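Next come the structures, one after another.
Consider the two complexes below, in which chain A is the common component and chain B and chain C are the respective partners.
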Partner chain A sequence: MSTAFNLLRYPMQARQRRMRWRWGSAAVGLLVGVCMGGVALQWLGEDIAALSAERDRLQAQNLQDQTRLQQDKARGEALVLAQRQQSQLSRVQQHQQAWLRLHQAILQGTAHDGWLLERLQVDGERLELQGRIRDVRSLAAAQQRLSDALQGPLVLVSLLSSPPDGPDRRVGGMGHVFVWQGAWPAVAPQFAPPASRRTP
Partner chain B sequence: MRSKLKLWPGFPFRRITSAWGVALETQGVSLVSLVQTAAQEVRVQRVLYLSSPVWAQEPDSHHDWLVQALGEVSGQEVRRHRRLVVALPADRCRSGHMHVPAALGLDALLAEVQLGAAEGLHVEAGEVSFDFEVQPSDSPAQQSVHWLACLHSEVQAWHTHTRAAGWHMPAMEHQAQAARRALQALRGGMHSLQTRAHQDWQFHWPGAYRAESDEALDVALRPLHGTPAWTWLCACGAGLRALS
Partner chain C sequence: MRVFRLNLNRPALQRAARRWIWALAGSMAGMGGMLWWNADVIEQHSQLQRKVQGLQGVARPVGSAVHALPAGFDLIDRLPAQSSASRLGLDLQNGLESQGLQVLALRPQALQTGLPLPSQAVALRLQGRFLDFSQAWTALVDAGPVWTLDRLTVVPSLPAGQLQWDGVWRAWLRPDAAAEQAWPVGWVTSTRPGLSLGNDPFVPPGSALAGPAVNASDVAPAALSADPRQWPLASIRLVGVWQQADRVQAVLSAGSHWVALGVGARLAVEGYRVKAVYPELVELQPPKGEDLVHILRLERAWP
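What follows is the complex of A and B.
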């Protein structure tokens, strides 16, 4: 077998091979590291871009939700206000109807039942009515009819008999003064002032 | 030989088709430029014999002068053809055999061979350049190592100067080794050696011939020692190695 000695092999070429291996490994390692870093950066960049897009989308959605919430809140407040106004109007309407009923009932009562209205007072939710009747026996019927007309019971709280020669003789000659009380529909104070004393 | 296609200076994108072999002598240097003419055939393109100037008689300055002379005679060579292999004469090398345990690791084996070579050259261990070959041994516990060594300073100087001049030196070897290679590759064998001038020698492509044993080749080459044909044969052998 023919030999092929090379006097450059040791230590020179062996050292060069070692150096070449070291530098080559370092270069390959560096290249692989750079490639992996690049891939990682690319991946992170895509991830960050996706997260940024998600954040922007959520921010836009949040802004939209806030706007919708404010609109809903304003709409709700407007609705509450409208309901309260509607309720107030309803109460005012009931109040007016109650007045109408009271007026008609008093007109009918004075015409048919023979009693006179002396004083009418509305204090909040309480109605107080003072009249004078000639025949005390028809008082209960008159009270019942007026209660029916007002759709609320009236209670007799006072009944006084005046002497025939008393100071009330000049007023038609009726001798019995009575006072009825009953409930009266109230109107909310924020839309209408509390009912004050009214006298005919 | 100038390449027709040159993409980048010195880049071996094509097969090496031309190279130089250098055989050192005491007072001069034989240089041979070999070129591949066709597939499986190599011929001598140029031969030079340069006598060392007086200032370069010392072995330590031999390489400096020779690389400078090579640059002058082959200034037109493309970089990839600036290849040379130096064949050192026997008196500048030492060789030997040693037996080491078979279980020895590579680093320990290297250290043993280096120490043996330093002892053979009578220098410190760090001052030798060497190569070795593990040969089959009769004992399984032992391995036989054949080594060749020379002074590291000479190898380093050749390496430095050839690189500085733009040449590439892939190997340095012993002249006997180069002569064996050339004789094996020589077309016509000993007959051509004796009947043809060295300028007309033709060789097979390195490796494309039947290998013979070193002993048989040494026996055939023994009569040539000391003759001019020996030096030319060594230079051609070195050139064949530079081509391969």
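What follows is the complex of A and C.
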């Protein structure tokens, strides 16, 4: 063993120094690691706060979108119902105007074309007029004028002639009984579906 | 050269590693311990990240273009409310009678609650002139798109110039509350003078007093008494059946008169009695000495 070498560095001292270095550097490293962890946690905390704010904003936006979607849906349904109601009321108006045209056409037709009404019947989408006329040759013209006034064709479905000296003489001598039929703008109710529906 | 440098550096690196390995291990342990100690913060962060990514992934709804209600929609303001359906028939009766028409019978039907518009039908039998009815209808049309006619049969009646109007009327209703201008508001029911019988399309020209053909058994309604015991059997019609609890009565009409009679009541100049009342017919017991029961059926023309 060389004594000259051991005069400067004793093995025990060297070992103690190495141990001190190890523990010291480990303690410093631990402290640094704790600090680095603290910094990382600080960054995480700030990021959590930012993420929370972003989450709250997105949730509020989604809630707003859902509310707007529901409102749009309700408005859309109300609009569809309103359009259906207006369409139904338009049909009602057309039906009412058809009656006005029929009254006016009958008044003018009987006054100018020389025929007499005996029965007027409307059943659903069918109009039927039974009348009498003196001169059967003017029947077609009267039918055409009434069809024009009603804005729909009338069809002759029956024509009966009575003898001139028969009992029809008291009906103004109108011995020809005719029946016209035509289409009629009926307005039928739409029945509710079996499932209960919400009334707006 | 590179190999030589590596050989030179390897001992130095080894020495540096031996020197700083404890510091490195300490720092790793310190940071790991710190993070482990606050693991809930890391978990919270990861949960928030997933939550935000999930929220950002939700597709935003596309705004639908909802337009305003179309023009002319105020027509619905003329409609009466569904809650007032029960009195519409009486309002109609009062208005028609004020315009010269005589309501002989009125029978409300079941309320139709279907969409888009509910409706209330009323079976109605009227008597009156063509021109009066035409004027009444014109006034109804002016009052709004409320009334339509499902069915109507018009035939001559007595006295001359009078017509019998059998039909089913339908009032269109709104499902919600009525507006201020809802029918019958705005329905002008005053009669308009100036029309003559000569314009009636059911009356032969030049013979306004002749009227339609009269059967021998027909009696002018004006000559009829209000007492059903004075009515001829041939002029009696069954127009409906009333039922209230256990009490059932037949609604019978003759001309412009009508009456509700129960079992046992006397009617007709021929001396009949009401024997039984059914939903569709009435049996009349003839006077003594006659065996055949007379049956009055609900008229088919009457809806």
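In this text, the second predicted complex is superposed on the first by the 168 of 200 C-alpha atoms of A that agree within 3 Å, B and C clash if a C-alpha of one lies under 4 Å from a C-alpha of the other, contacts with A are read in each partner's own complex, and residues count from 1 in each chain.
The working rule: a residue touches a chain if its C-beta (ideal position, glycine included) is under 8 Å from a C-beta of that chain, and two chains touch if they have at least 3 such contacts.
Owing to the predicted nature of the structure, the values given are computational and were not obtained by experimental measurement.
Enquirer: Once chain A of both complexes is superposed, is A:84 in touch with chain B (first), chain C (second), both, or neither?
Expert: In the superposed model, A:84 contacts chain C only, not chain B.
Enquirer: Look at A:36 in the shared chain and tell me whether it touches chain B only, chain C only, both, or neither; answer first, second, both or neither.
Expert: In the superposition, A:36 contacts chain C only.
Enquirer: Look at A:47 in the shared chain and tell me whether it touches chain B only, chain C only, both, or neither; answer first, second, both or neither.
Expert: second
Enquirer: Have a look at where A:11 lands relative to chain B and chain C in the superposition and call it first, second, both or neither.
Expert: First partner only, chain B.
Enquirer: Is the number of chain A residues in contact higher for chain B or for chain C?
Expert: Higher number of touched chain A residues: C.
Enquirer: By the touch definition at the top of the document, which applies to A:122: first (chain B), second (chain C), both, or neither?
Expert: second
Enquirer: Counting only touches as set out at the top, which of chain B and chain C does A:60 meet: first, second, both, neither?
Expert: Touch partners of A:60: none, neither chain B nor chain C.
Enquirer: Going by the contact rule at the top, pick out the chain C residues touching chain A in the complex.
Expert: 19-20, 22-35, 38, 41-42, 44-45, 48-49, 51-52, 55-56, 58, 60-61, 63-64, 66-67, 69-70, 72-73, 75-76, 79, 112-119, 121, 130-131, 134, 137-138, 140-141, 145-156, 167, 170, 172, 174-176, 199, 201-207, 210, 212-213
Enquirer: Show which residues of chain A lie in contact with chain C when the two form their complex.
Expert: 21-23, 25-38, 40-41, 44-45, 47-48, 51-52, 54-55, 58-59, 61-62, 65-66, 68-69, 72-73, 75-76, 79, 81-89, 92-93, 95-97, 99-100, 103, 106-107, 109-111, 114, 116-124, 167, 170-172, 174, 186-192, 197, 199-200
Enquirer: Which of the residues in chain B come into contact with chain A in the complex?
Expert: Listed in rising order, the residues are 88, 93, 110, 113-114, 129-133, 146, 148-150, 152, 155-156, 159, 169-174, 177, 180-181, 184, 211-214, 217, 241.
Enquirer: For the complex, which residues does chain A have touching chain B?
Expert: Touch list, chain A to chain B: 1-12.
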